[in-house]
């Protein structure tokens, strides 16, 4: 059984790591903010390492789950970096929602040390992570994937090999860009309908039985927008980053993609306007403010000058 | 039981009308192209009228299902027009995917003659029409709706009252604009992924288990695009018209809606490029041509003229 | 010499009307706000009428200059409307920056009374109006234009016949849409350069000697933006209206026009954000706020939360 | 007097280099395609080097003028590369219309060898190059600029210091992006007007006396579009590249820039559609084809294949 290190105990990383805490894995963890690591070992059998280098000693697999690919890249070098200790023949599995270009650079650095690399972003959210039911999108060598697959299956229900290094990142980014587009586009339509006299509940009821439906209209709008609940499950700042990665992918591939590019601009605006803590679904607040109507609710917070949170 | 006339025996209208052919309705039909009416009465008990005026004599309800609202408006006047014979107290139910402004004009004309009006576009496609399982979006007076509801229930499973005259049209147009946006946006993403080395089947498999999924990704792309089947079920020309209606709605309501407006431009381009007979899903062919890759298939038809890849 | 009435003594209308105040014209004026008419006759020989109908009595030419075409249309009917008194054979010359569809409706109404119509929007601004050096864009019958040309030459240096009724409006709207696009696009570029360390004065100096220059970069940015002067010479609200007219023109003509359509969305957003009194050049404030940098100046008013006027 | 090498004898590079051919400069040239170097020395006193390395021997200044920054970067290394021979204390002046990121990488490489770097793209076209009247946009150290200024003044009338390395590139890219936007936007407006019945000559005459004018409307459209001359002076492929650089700049600087981004998409489409040899102004052909009308001319070449109008 492979020995495993896990780096990055965020909202998704923590429940993922919990599924890896079996004796055979001899799980070691590291987190930049030490308190999170302390909390983790308070409930889960694992050892805390003092640095990435310490975490990687003797590991067969190091799994990372960080905000952006550059964060992973910055863990490689220096006396406390992964490359100081990580053994030849080991594999770095990066579950960050990253970008292909950085992943390829990381893979090239690791290859110089005889270490394998897979980009392995996940979808399924916190609930999927807790249930060990994530979808894992793999970019990299198929043989390397086979070696680590049993470990990935601890938290992933579907392990999908997408192609070369970076393709996992690219697919994840496109999925999230579609999510973003559907949120914004549905909001545009619902605000216009609201002003024309069609209540959002009625509109969603019809759309969700018709051809314009999406995950956004079926789940996010009824549960989070019409209710004004806006739970903070996935930060707008991260979705902005993902849409940007997808937009860059399309440009690199020279695929004219006006809708993707415009979605990237709109989420950059929303991110700047709503700040770092806002949830991704709160982007609809910008559409509501610009349009001057609230989706499914009274107009109490739509006013232009009543402050846009 | 109300006596019923049905005008417009197209792909959706014909199966709708068939559900109305019960003796109590004394169904009368009219169609601009006579041959279609002849076909209809060959299999269904109904009488053919020689003109809209003739069809409307003594009718309690006249149902229209035509390409655009202007077609309905053009049936009102003249010696053969509906207003020449339609009785006071009757109701015109217009199942056209129309526009609110024209519907309001029609309603005002009819009101001068004591005739009620409902805009009542439907969703559910040919299959829904055949099964009598359409969703019907109603704009107009609620009391008028109650009078005709039993007739509408012959072909509609869900009869949804949206608001004043025109709101049924507006909701239908927004639904279809979202359909259009999802088709185009998903195509942009899939073409970029294809060029990056991710096969469409893999990408759709992941997206459809994730947050970026939509009716388009779950049904249209697997069944029609990846297979290159592109059955002609709903004309691109009509979807272009619908997106235009939704874009106009947002402008009238002063709702900034950059995604909707851009989608309208893109479908106008696609319609001009692919012509009057193309199916709505064939819009992806334009994305494929511009991007230089085929979604899920070999490259055989990606270049216009053997050209730029 | 024709007898003339002038209706609409706004910022452009007043100096235009002043050029018409010669004895032979027997100038009559009307303005909705009476105080403006009083001011006008305090310095210029003209009579004030009590209503549009009173102004139009015995006139050969009635000239209107109002915010939008609908304002002109609303002057036609009723006991105090123009049609109550305006003689057969007279001509209504509408210098409003109007829209072609309304102008065509007005022309049709007037034609029923034997009255001619020209849409005749002007360019040249307040200074051009004061100097009698406006460009006048004429839509309508060429023979009618010849009859009124001497009057138009009182305030117009260039009288350009564009085509049928509405074409003057359309050309004026397209010109203004290009103005709007150049303001916004130049602001995007200058904000990005400012953040990259290139001062706006340097950038404008180079651009204005190069291929990217426009009336906006050569005049508006150096005189109004870099100086933070933002004089209020032409309201953003009116430019928003004009861009909308141009965008509608392109849609009606089925000309795919993604840049025009997007410009229309952006100016709608700017108008909503900056209010009714803002000058058109102040649209750059929205670009500055979104981008987080001031063109050519210190950052004092760029902050997101310092309130955007 | 500094000794000078010049690399890249293209349409702009050749006339620039000609101004440097004075005895004191001891001009050495290199060009990938040898025939061009042979032509050059047939009319101008200069020596041909056999490689970049040979050209750089003993040079105080090496000037490059190539299609893209990567081309310059690729000249640095290897036994025949510039770094093999270029002396410490020399300066590389890169007149390529480049991108800031690559220029910064090049500057960093050169700095390791004690060699200075300036990005120095030019504007003014072939005519400006022939007349020695170019505008030169300089990014890099001001002291380095002062050392090379006399040489730059041989071909440049205005030498503008923009800021750090890369700012010359960025300013040039933004200028060209505005050029691109003005070409496309003006074409959208003129095609719509043409279909509405306003001839392009009339429209341009008015716009060029009004606020919507630009270098494009004043020079390019009258001289090249209305006449259908479309001389090939600056390749669309290169303008596409420049707009992409400007769009990337805005994204890196996190400046929401929907018009710039959309312009980048549109020029990518035009480049793909019209190929590598098309002139930049020919982008209007795509607008004409999509819109179904020719600016200022009969319709003979508006349809791709006799098709959709």
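Per-chain numbering from 1; labels A, B, C and D assigned in written order.
Just so it is clear, a contact is a pair of C-beta atoms (placed from the backbone, for glycine too) under 8 Å apart; a residue touches a chain by one contact, two chains touch by 3 or more.
Nothing here was measured: the structure is a model prediction, and the numbers come from that model.
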Fill in the blank from the handout: Counting C-beta pairs in contact for A-D and for B-D, the higher total belongs to A-D
Practice task
Work out the mean Cα position per chain and let me know which chain is farthest from chain C.
Solution key: A
Problem - Same-site or different-site touching of chain B by its copy chain C, using the half cut - result: same
Completion exercise
Rounded to the nearest Å, the gap between Cα centres of chain C and chain D is 37
Problem - Mean-CA-position distance for chain D and chain A (Å) - result: 40
Exercise for the section: Express in whole angstrom the distance between the two chain centres, defined as the mean CA positions of chain B and chain D. Expected result: 49
Completion exercise
Residues of chain A that touch at least two other chains are 254, 256-258, 262, 269, 272, 290, 292
Practice task
Could you draw the chains as nodes, link the ones that touch, and say if you get a line, ring, star, complete or other?
Solution key: complete
Handout entry: Complex contacts: residues of chain C adjacent to chain D
Key = 100, 123-125, 135, 137, 158, 160-164, 166-167, 170-171, 174-179, 181-182, 184-186, 188-193, 195-199, 202-203, 205-207, 209-217, 246, 249-250, 253-260, 262-263, 266, 287, 290-293
Problem - chain A contact footprint on chain D (complex, rising order) - result: 244, 251, 254, 256-258, 261-262, 264-265, 268-269, 272
Problem - Touching residues (chain side chain B, partner chain D) in the complex - result: 258, 269, 272-273, 275, 290, 292, 308
